[in-house]
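Chains: A, B, C and D, in written order; residue numbering restarts at 1 for each.
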Amino acid sequence: MLQHYGPQLINLLASVMLLLAFAMISQRRIISLINLFAAQGFTLFLSTALVAWLTGQNHLYGSALLTLALKVIALPWILHRLIRRLNVKWDVETLINIPTTMLIGIVLVILAFNVALPISLLAGTLTKATLGIALACVLLSFLMMITRSKAVPQVIGFLSMENGLFFAATGAVYGMPMVIEFGIALDVLVGMLILGIFFFRIRERFDSLDTRHLEKLKEH
Amino acid sequence: MISLSGLAAQFTELALAVLLAPLLTGWVNQCRAWLQNRNAPPLLQPYRTLNKLFQKEVVLAHNASPLFRAAPYLIFGCLCAAAAIVPTLGTDLPLNAAADAIALVGLLALARMFIALAGMDVGTAFGTLGARREMLVGFLAEPALLMVLFTASLISNSTSLATIAETLAHKEFVIYPSLAFAGVAFTMVSLAENARIPVDNPATHLELTMIHEAMVLEYSGRHLAMIEWAASLKLFVYSCIGLVLFFPFGIAEGGDWLGIVLALPALLGKLALGGALLALIEMLSAKMRIFRAPEFLGTAFLLAVLAMLVHVLLER
Amino acid sequence: MFATPLHDVLALACAWLAIGALGMLRTGSIGWATRVLYPAGAIVGLGLAAIALLAIFEPAVSLVLPLGLPDLPFHARLDALSAFFLLLLGSVSAGVSVYAGGYFRQTQGTSPGLICLYFHVFLASMALVMVADDAYFFMVAWETMALSSFFLVTCDHDKPEIRSAGYLYLLIAHIGAIAILLCFGALQAGTGDYTFEHMRGLQPSAAWATAAFLLALVGFGAKAGIVPLHVWLPEAHPAAPSPVSALLSAVMLKTAIYGLIRVTLDLIGSPLWWWGVVALVLGLVSALGGIVFAAVQTDMKRLLAYSSIENVGLIFAGFGLTLIFHGFGMGALAALALTATLFHCLNHAFYKSLLFLCTGSVLHATRERSLGRLGGLIRRMPWVAWCALIGTIAIAGLPPSNGFASEWLLLQAFLFTPGLPQGYLNMLVPVAAAAVALTAALSGYVMVKFFGVVFLGQHREARLAEAHEAGLWERVGLTWLAAACIFLGLVPATVIGLLDPITRTLTGHGIGHLAQGWLFIAPINAERASYSAVLVFAVTALLVTVAWFAVRVFYHGRARRAASWDCGFPDQDARMQDTAEGFGQPVRHVFEPFFRLEQHAPAPDDAHPRFSESAEDRLWYWIYLPVARAVERLTALVTLLQRGRISVYLAYSFVTLLALLLFAR
Amino acid sequence: MPAEMLLLLASPLAGGLALALMGHRRLAAEVNAAFSAFTFAAAAALVTRVVADGPFEALQRQFFVDSLNVFLVALTAFVAMTTALFSTPYMRVEREHGRVTDGGMRLYHSMYQMFTFTMLLVLTTNNLGIMWVAMEAATLTTVLLVALYRTHASLEAAWKYFILCGVGIAQALFGTILVYFAAEKILGAGTGALLWTELDTVKGQLEPAVMSIAFVFLLVGYGTKVGLVPLHNWLPDAHAEGPTPVSAVLSGLLLNVALYALIRFKVITDGALERPFASGLMMGFGLLSVAVAALFLSRQRDIKRMFAYSSIEHMGLITFAFGLGGPVASFAGLLHMTMHSLTKSAIFFAVGHATQKAGTQIMADIRGLIRLSPTVGWGLTLGTVAILGLPPFGVFASEFLILTQAIARAPWAAPILLVSLGISFAAIFGKVQPMVFGEPQLPGLRHVSRLPHRPALLPVFAHLLLVLMFGLYMPPYLAGWYRQAALLIG
């Protein structure tokens, strides 16, 4: 039964990923941004687990658990603590207003699908459609990083980009070899910790996390 | 290649030039006097002047350097050499193998350089001024003269004056339009080079206008004599160049002595005419401001270049 | 000494390097450098000259050194052309080195040992340029030459103007070097083989050959100071200490000529005639422009520097004529023009170094460079003055000096031009000849100004009365060069004999056999034209002495000293003499279009009226400043890329990514 | 796994941990230098082994050494060692000037070793995934070093460095995934499909459509770390604001390593595509970088920032050379990599001492170094002369080959290169000359204190001597490597 609906389910989850990506672009409040990120992580976890179960690629369970641990629990928790400690609960103002961003997003999605089309045709996996969506997610997170002026949302964009990449890995090639998954996860974790340190230092220097204070270094 | 007769001819011509030069100057002065209907100084006046100057004692400025004392002889020597190159009677001149038209111009330039340096040596206001003006005239006149000579040597395919003379004198008569331009240019140049009106006035000591006289103000006695002699020698040389280029007829080919003997009266006649013509030109024209001299000479230079172009265009 | 003359040359170059290194042993000691090392360098120079002189007539020898890039070891080769330029280098540098031994008395900003190092590295690198036989070795030697000379120019680096002069020099030299490098790149045509042997073998297409020639023209022209790439020269040459100025003007400019001849006639091998026209026109413009600017200078070393531009211009003109003849396959005439060119290189090397060294002695004696404050030095330093007079006559191209001999040959070459298959050229050549003649005459004017204002007249400053004669070493150096000027002038036939092997290898013809004996030179045949310096000199000298004796014999030799007459003008002083500016004035007005004149005339009611006029180079304002401004604007534009906002930076990589994705599909 | 290789990787890792535990003791700096020296010894041993019995693979072919990476390993280990030597007195002075805390010193030393480790890992691993992980780790280890001074500027620089490189690297990961995607079709799933040696053998069969897209991502990703325009924006900030030793290794080593990764992928991509897609892109980006960097140079006030831009320029030149391809050009590219890292690190050493003496990084305030401290002055002068491509220094050798090849095979590029090199020469030399020569100026003099520790000039002149040697003579076996490596790159 599930065997039969599996592919559709995966496609469903993929579209959820995309939906969440759009949601994050349009989201103004940091708290809910973090929650959306967690949700995206969870979707990723589900889809990875599902693929693992469908294809019997056992190492994917590992990466699924890794995702759960890191993206759904650890990182959101760290982020929550951070913003509580730094008490930055203000709304996120964007450099480009939301509707415009959405429009650009649509264009990006079309582009992503077109780029991914020839590749997905080659994919022997039962998840061929997901590559385009993964690419779209990456690009959307990229767009989000560009449009947000505060440090925390930029970082969240960065992390959700990682989500997109993982999704691509799972969807297109049933996940990278385990070693590498671990390596990547480690990097992401360390990176997050370093970012944490950064937030405090930036904070203690500028008592604000607005990256527009970080525009002193430039050519005259 | 150097024959005994050649040497003899060479020597005669040189001696002739050195001895006749003051006479030519005297003749020109006389013509001028007539044309201005003054009563003229005797024809031999220049010789008397030279003699007088030679006898006088030399008065040197305190800071006159050895260069100052050597210059008159150097100038005289250079101009003698120049005179020796230019064929006047015959064309069999050993020196013609050693020095051609370009060398001739070089020798004249050398003389000019020495006289200018001598003018600057004592360091008086007029001396330096005269030297500068002399060089100003020089750097425009010299290339013009060179171009005139080039035109002739393009016609005769040679820069050796003897060959030029022979080709122009003894080939069948051809009309060279280029030579017409060259002739005009040459006349202007030689007026300027010999310190004649309209560029300079040999008979004035009016400070602001003089060129040649200003340079030699400090000279006296035998030095002055040498310089004056050199000046008249220069006039003689230029006249002879003119004759070689434009009226070479009657000049003796090779070393036949009969021809040379016949050539002498021809030469004297041509020189007399030339001198008279010079006097006439000086009579008819007015002295121009020194600042207009460059234009005058520039025109001469352009005409000379034009002569070459005309030759390239029409005569080949 | 060794197996082949090439070995000897390399050994001597190493000797120079070694001497330089020895200078570093006792950096601080002047005596060590001046009394020991510079004379040693002079001896090496003489040795080099001797070896080169013998090598001219021997077949080319080549050699591969164990240095260089893995697939491209240094190739060295000594043929007639190299040998000739080595002869030039050796003989001139000998004089200059001896002089330098006396010159560097007090240090100027840089320690004497260091100067000694630069000096000899400079000499050695020039020698290596001449023998290099592959592009890499050539470029290494070439740039080492530029670098060492830069350090020599900026010896006195405390002065900002000297620093900026050095900067401009090295900048233009480097850009020129890149052009030369690209020229070699074009010649090796993508086969990674950079040996000249291989380039000789290739037959480049007309397009590539032209590209290579133009690049070479730019590169070597920049080094030679050809208009419009000349602006560094009048800044850098005066800035250097005088022996260095002498080497820069006399020898380094010739390395550029050498390179151009090497590339064009040897490596490319088959020049097109119109290249010659380009070179000819550039040369004439440089010659005329150079001398006109020299005429208005008031700094004696700048004046000489500009006259170097003029001489290089004449050399280029001769070279252009060579190319024209060669392009039309008129071998004999090409040989004539090339002979004139090379001869002029040699002459300019000698008289220009002589004059620069004279200015050096004047500078030492008076600590004064401005013509406006010199004068009357012939009475304080006669030896220098008479040497300078010889140099003056030579550079003015008057008989019987060497300058006249080469200009005579050049003019002869021009005179034979009519009859070219190209109509316009026949029109061009008379004009060109006229320009050459005008240049020669002007150089006479300029040199009278130079010599007259510096050495003649009254002292323009009281302290000039204490000026001292040059030291022994300096006098030796000066005399060597002056003697060479006279000697070369008297035996042009011999020199033409020297040049014969070169013209034979490069143009297939020689005119050496036409030099009848040692007495006469006759480029084509005696009928057309012939010249014998010795005879002219002898006759003139004879006439002068005869005149002198005659006067003594027939009259008397009495003379008396008195105050100068000057039309009886009562109280005159040195300031009434004509100044250098005064000498410049007529030229400024005749050639006004050349200059960018700026006058400041005083107001009629001025208490202290001052008049000043400056004549600047138009090209500086027409080419260099606009280029500088354009670059400035571009950089201002580029900084917009780096405005500090991180989102913008992210956007860059985002857009790049998208663009590439679209491009990739 | 051969012992040399084990030591090569273990020594810096152990060093990192040891120094982290040891903290800022008196001898921490010396220990740091010792570990680096040991690493270099291991590298040397590895080299001799490779010279003896050729390339080899190790640890189930996860690691491999061939002529291309072995010389980079040697170079990296060497420069890491000399930089450690240089930083010993330098960082002490910084500490005593109170710009760094004890904690900072601990961080510095341990991270320095970790950074070396990550770079060596990138170089020696055969697994493209591991390569990516190590590359990201290299960013992470250096980002805190850039922020070491905790000043406003250094924080900002570090933040930009982190975000821009992080994002870039993320793109590279996507590219890697795509490569894996293309590879597993032929090699089947599992780590085998990520081994470069494997891919190299089957590159002909890889799917062109995928590989081209993949290379785009990889170019944007690793290109960001190489500092290719317009992805370069982090580079000048990071170089100018970090401690000088860090600038030296960033410029001298990290850029090389990133470019190395790019080259590996370029080889495969060009093998997969019939058209020279990767080469073309690399040529384009290389030229763009050269031109833009040259224009930036002339507007700099801060000396380290200026030399950072010059690094961009030279990286562009190298990238262009590899794009041009062919035995000569690739050879030149490799040679230029070596020369640039040696010269540029030497320059940064000299600059470090100069700035400490003058107490400022603003060039206008540094005057007359040749008087203040002749050795430093000459070091800076010679380094500048070398980096500007004047012979007889080795940089000239490589530039010579690149330019001559360029005009013969891509004539359109020649004028751009000519103009750019001219402009950059004018800019750099025009700024350095007054700093070194002439009279010392007051603002410069004010700070001239006898530095508490003698500057370590050995590294400067050692590097310059090597560069000089390469310009005049190259040992045959070195030449051998370069040739083989060049053939490898094609």
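Going forward, a contact is a pair of C-beta atoms (placed from the backbone, for glycine too) under 8 Å apart; a residue touches a chain by one contact, two chains touch by 3 or more.
Not measured: the values here are computed from a predicted model.
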Between C-D and A-D, flag the pair that has more C-beta pairs in contact.
-> C-D
When centres are defined as mean Cα positions, the distance from chain B to chain D in whole Å is 78
Expressed in whole Å, how far the mean CA point of chain C lies from that of chain D is 44
Distance between the centres, which are taken as Cα means, of chain D and chain A, whole angstrom = 31
Compute the distance, rounded to whole Å, between the mean C-alpha positions of chain B and chain C.
-> 35
Which residues does chain A have that touch at least 2 chains other than itself?
-> 115, 118, 142, 145, 154, 211, 214-217, 219-220
Residues of chain D whose C-beta touches two or more other chains = 159-160, 163, 167, 171, 213, 236, 296, 299
Pairs of chains found to touch, sorted by chain label | A-C, A-D, B-C, C-D
So in the complex, which bits of chain C are touching chain D?
-> 66-71, 135-136, 139-140, 143-144, 146-147, 154, 157-158, 160, 163, 166-167, 170-171, 174-175, 178-179, 181-182, 184-186, 188-190, 192, 194, 211, 631-632, 634-636, 638-639, 641-642, 646, 649-650, 652-653, 656-657, 660-661, 663-665
Within their complex, state which residues of chain C touch chain A.
-> 638-639, 641-647, 650-651, 654, 657-658, 661-662, 665
Given the complex with chain A, which residues does chain D contribute to the contact?
-> 127, 129-130, 132-133, 136-137, 140, 143-144, 147, 150, 152-153, 155-160, 162-163, 166-167, 170-171, 173-174, 177-178, 180-181, 184-185, 189-191, 194, 207, 209-210, 213, 236-237, 240-241, 296, 299, 301
Touching chain C in the complex, chain D uses residues 159-160, 163-164, 167-168, 171, 212-213, 215-217, 219-220, 224, 229-231, 233-234, 236, 277, 281, 292, 295-296, 298-299, 327-328, 370, 385, 388, 390-392, 396-397, 400-401, 403-409, 411, 414, 418, 421-423, 425-426, 429-430, 433-434, 437-439, 471-474, 476, 479, 482-483
Spell out the residues on chain A that touch chain C in their complex, using ranges where they run on.
-> 95, 111, 114-115, 118, 139, 142-143, 145-149, 154, 211-212, 214-220
